[in-house]
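By letter and in written order, the chains are A, B, C and D; residue numbering begins at 1 in each of them.
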Amino acid sequence: MSTKVEELHGGGALPLRIRNVRKVYRTGKKGVEAVKSMNLDIEPGELITLLGPSGCGKTTTLRMVAGLETITAGDVFIGDTRVNDLPPSKRNVGVGFESYALYPPLNVRENLSYGLKAGRRVADPDKIVDELADRLEMRDLLSLRPASLSSGQKQRVALARALIRKPPVLLLDEPLGHLDAAARQHVRRELKLLQRQFGYTTIVVTHDQLEAMTLSDRMAVMNGGIIQQYGTPDEIFDDPANIFVADFVGEPSINLFPATVVRDGGRTLVRVGADVLEVAARTATDGAEVMVGLRPQDCHGKGVTKGLTGTVFVYEDLLEHGIARVNHPGVPDKPLVIQTPAELQLSPGASVTFSAPPNRIYLFDKDSGVRIR
Amino acid sequence: MGTLKVRDLTKTYGSTTAIDHLAIDVRDGEFFVILGPSGAGKTTTLKAIAGLVEIDEGSVEIAGVDMTQVEPYYRNVAMAFESYALYPQKTVKDNLASPLKSGRHHHYDEAERTRRIADVTKTLGIDHLLDRLPKELSNGQRQRTALGRVLVRPADIYLLDEPLSHLDAKLRASMRAELKSIASRSNTTTLYVTHDYQEALALADRIAVLRQGEFVQIGTPAEIWRSPVDTFVARAVGQPEINLVDGVVRGGKVRALGGALEFPAPAALELPEGKEIRVGMRPSELVVHREVHDGGWLRVTGRIRLAQRLGRDVELDIEVGDGHLIVIDRADASHEEGQQIELDIHLPNVHLFDGGAPDEHTARLGSAVGRGAAPLPEELEEELGE
Amino acid sequence: MARKEMMPGQKRFTAPAILGDVAILAWFVFSLFPIVWMVMLALKTPAEQTTTYFRFSPTLENFVTVLTARGTALTSVDFKAALVSSTINCLGAVVVSLVVGIPAAYAAGRWKFRGSDSLMFNLLSFRFAPELMVIVPLFVIYNGLGLFDTTFGMIWVLQLVTMPLVVWILRSYFEDLPEDLEQAALLDGYSRKRAFTMVALPLVRPGIAASALLAFIFAWNNYMFPLILTNSGSVTVAITKFLGGGGQAYYNLTAAAGVVGALPPLILALTIQRYLVQGLSFGAVKG
Amino acid sequence: MRSADDTVGGRQAPTVSPARRKWRPYILSIPATVILIGILYPFVQGVGYTFLNYRATEGDVHFIGLGNYLQVFTDPLFWGSVRITLTFAIVATALETVLGVIIALLLNRSSLIGKIFEKVLILPLMIAPVIAGVIWKLMFNPQFGILNHIFNLGSTFDFLSEGRALWSIIMVDAWIYTPFVAILVLAGVRSLPKEPFEASAVDGAGWFYMFRRLMLPMMWPYILVAVIFRFMDCLKVFDIVYVLTQGGPGHATSTLQVNAYINSIINFNYSGGATYMFILWIIVYLTAQQLVKLLGRAQARAAGSEA
């Protein structure tokens, strides 16, 4: 998916570079290391998402770039200026807060013009507000106050406020967090088109892997203050670097179970109980104990004779597709999950044989969790 | 026995009507789901049946007994609250023992109580947490404890209020499966409330779609999916949402998207000339044209505006004529933005709704082939003889 | 705004920051000096009471005098009796307010019934109404019924102070209590009364403690009621009697009585520091 | 896991009629209503006194219509008392509000000194006002009071002289109740959401612009609550005035409630005192209604719901 920067707006997007950045929170004597030596290069106009569970350091990183948190060590460059010691307003960044952080006593027009009138005297703030309001089709909201807006409208106003000063870098914290499913889907597309059109270098922080995959040009999956993998959605989904990335990205989530490697001439197989699966990995050593990753969406049962055979424990018919949980003798502690096509109806107790294309079965080192290619 | 008969159930808070003359008949042992957006009155309905709110009108009959004016503690119903409502100062064990100690319906001695608690906590995998306080539990563990307090005691009806809504996606999927297996083994009538359509489809014997305090449709998951009574129900199930494009009947043909979408108007529906129509097509049922289908398929051509990766699939935003359609396709195919693309959809899967104002919910008239419901995939399979 | 860590580009010791600290210091000198001075005066020997300022040899003699018959003989003010009656009256008033107030607060907090708003507004209007409006007629009634300078009389009139406080604070606590917990108890099979005692009361315990202590403090500090409706049946009235009309003024004894009179409220206030704001604003501002 | 016969049903459970349910809140409020009547009864009687010529020494107590009101309204002493009360209430409330807000903002700025002293902020408030009055009376003493000594004003300067008494009493009132305003406003400021102020920092707003446009409107309801409580209490001030000056010297500090006390309790002119009080009650009731309405609007505006 190529990214086409149609029309650069204002001063033009700037690259963003994060070099060996660390953040330690001093609470009492011992410090909590929220971010451990982070490195990230973002090209101008690129949309990057920081994806990870809560407490993985993604919001802290965003706040450090925005200037809302001090940087314990390392450097952040916007364009070629080192911004570590600059207050937020001097970093010329647009920030969208998770709770929208609109100004309650002011109406939408005043919310947008607040920044314009606050710092340096801007020629005609109302004209700029009207112009942006037209572009975002929110002219009718200008006279309303935040409390009377729906969460979708609040999200749009928060975004407009971040864009109003045409910042070269846009930082959004969980922009779709408080929206219901229908609105989220619509706003997601709108945000992607908008970013493409405005051409801002953008960082989006989210815990929702679906949101990250759809919005990202590239995405950084984070955990424990470290970037686990940084790449395009295709690389992250189809070529996970370790067990955490494979487990965190993808819904329904990946099956992970132990198996032993069997080398058979050029081919690599893994033995699970009595069954055997061919895998694409080349560097696995014969007889090694490994963790196997198998995505439910990649398992197909129609017309498969050789693969894993188990008995259905629970079958959920979601009409667009089905989800079956299958007990397999080789995987004692929890059932395997497979996503079955709509036309394949299964009932509890039935036996099913399923497999997946070799390049879609991933092997991970049992201890370190690192991917074995 | 564990049947539930509700008639004209109405509750107003001041000037707003929370629920308006609801009526349902739940068979004994049935898993009945109420699906609706937040604020539709789902929780009010449950609490009205449990007797926790004063209703303005209507009657509630549980297990053949009229319970309309009966106090909650005599109704022999058990409820899992969305906020879990665990007693903060009691351990998990005491929370579960509470319904057994009240002695309202049946007196359980110490041994019986311990056995029941052990049995339930083992099933729910929280038998190692008996001495913990609610604040020491994770969200998932609190949710299971709330569920345990319902399952630990016999009751005529189990009322579950959005039990999975506060869990993260991974935990929600596994808990849904666990609920499915527990429900199949227990034969207690269960009334389950949710805003997540997948939970409704996965768990329900029957679903009642609720909007602003009124039931819009009651039916099996297949009926709700195949023949939604109006655009509201059609949009309530399925992710991404069903495509709805406005069209009009011209010269015996249904024309939409500025002419890019055209097919003969089904004779059975007797659609008058110039009739405003709304065409509904589900993204998962619109297929990118790769192999030839024999008769009964509709072809539409458009240009890719946006391709967004969605796990194993890709969500394509296709510009078609003067509108746009959302389609799901396999990720490993190539999708260049601006590239032209052809889409096929099987005619019975094309829903026809009455025309109307943009945000108006309009009734379903039938499908592109006539009055009936869209066929289920497995029926489709026999037809194509695969 | 929650207290925040330094932000980038923010320096710690700027001129306004130092000026701010100086201003705070100035206020606290003004605020604490009178109390410190009272304690000093209470520790001075009778000879030093009017002659020295900051240099004196501290003694506890005044406290002993004040609290014993010797004090009464000297100043004809029985401070010890005043302490006892103040305690009894205030405790009695608070207990009555709790027993009567908790059910009313629960009713007003849980149901929006027609009478609830008028009941609450009436109670609030007592808090703001000029007390004499009620005290003058009570003065006549008490003399008529022989309730003058009696515990029952004082407990009844102190309801004017303690009842509105208890009901308003507890109502905001009951309003914040989620209904689900009591409803869960109902469905577990407990009656509404058991659900109230088993679930609602334990969760509101901090509110009960805070409102009781705050009511006690305001009852203890009240001056007008005992001044009019008793001889010197309260600490506040007794202390003013020390200053008395003619003859020798016992400043160090007055100060000692003042310190003793001020201690109970100070100690109680420190224990409920967290709930003070909610109490003082009748639930309008959450702590 | 559960067999079919476990369900309990079939027999008719006892019902509770809707009427009985409706009475539940009223039953719970009966004891409080009894106490309410116990207070309302003397209040009504008090209002009754204003239409009588009821004095302890009066043998023939009878109805005299609006006689008391006529007598009061034509009495310059009454209007003097009203002037003193309003002056006291307005100046004291304004002073305490401004000082309280400043102290709250300073304490919110989490400096080390602020943290230490915050704990003792409430001390003056918790001491009985009458004890505070006694302390200040001793300090004001011209001969051996500490104030004259520290500021070496000599022994003739009297803080409670005719000209200065009212302002000295206002200072004592501020000493006691400024912490009340400070605590309320501080709690209000701390309950404000953090993000809007971070957004303001990102928008490059200086402190004063942010304070004027954002922080003050959001703090306004809390300030107004404090103003309402203080203004109402000041209108009926009694303890510290009576202890410090008994309304003197002359009538320099005789507020309405002090006057009513002297009138009805010391001179036993019950009707006279009651008339003063009922007029003050009406002033308090009307002002309370207006201020509560103002508070409602301010809360709506701060929360941004009112258009």
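The rule is short, and it goes like this: a contact is a pair of C-beta atoms (placed from the backbone, for glycine too) under 8 Å apart; a residue touches a chain by one contact, two chains touch by 3 or more.
Keep in mind that this is a model prediction, so the values were computed, not measured.
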item	value
Chain pair that, of all pairs, has the most C-beta pairs in contact	C-D
Interchain centroid distance [CA atoms averaged], chain B/chain D, Å	55
Centre-to-centre distance between chain B and chain A (centres being mean Cα positions), rounded to whole Å	27
Chain C-chain D separation of Cα centroids, rounded to whole Å	14
Per-residue multi-chain contacts in chain B, two or more chains	71, 105
Residue list for chain C, restricted to those that touch at least two other chains	7, 192
Sites on chain D at which at least two other chains make contact	201
Chain contact topology (line, ring, star, complete or other)	complete
Of chain D, residues touching chain B in the complex	1-2, 4, 6-18, 21
Parts of chain B lying in touch with chain D, wherever the complex brings them together	1-2, 54, 62-71, 74-76, 105-106, 119, 123, 151, 154-156, 185-188
Contacting residues of chain A [partner chain C, same complex]	67-71, 84-88, 90
Residues of chain B touching chain A in the complex	37-38, 169-170, 173, 176-177, 180-181, 184, 195, 198, 201-203, 221-222, 225, 235, 237-241, 282, 284, 306-312, 315, 317, 331, 335-337, 376-378, 380-381
Touching residues (chain side chain C, partner chain D) in the complex	1-4, 7, 17, 20-21, 23-25, 27-28, 30-32, 34-35, 37-38, 41, 50-51, 53, 96, 99-101, 103-104, 106-108, 110-111, 113, 115-116, 119, 122-123, 125-126, 128-134, 136-141, 156, 159-160, 163, 167, 192, 217, 220-224, 228, 235-236, 239-240, 243, 251, 254-255, 258, 261-262, 265-266, 268-269, 273, 276-277, 280-281, 284-287
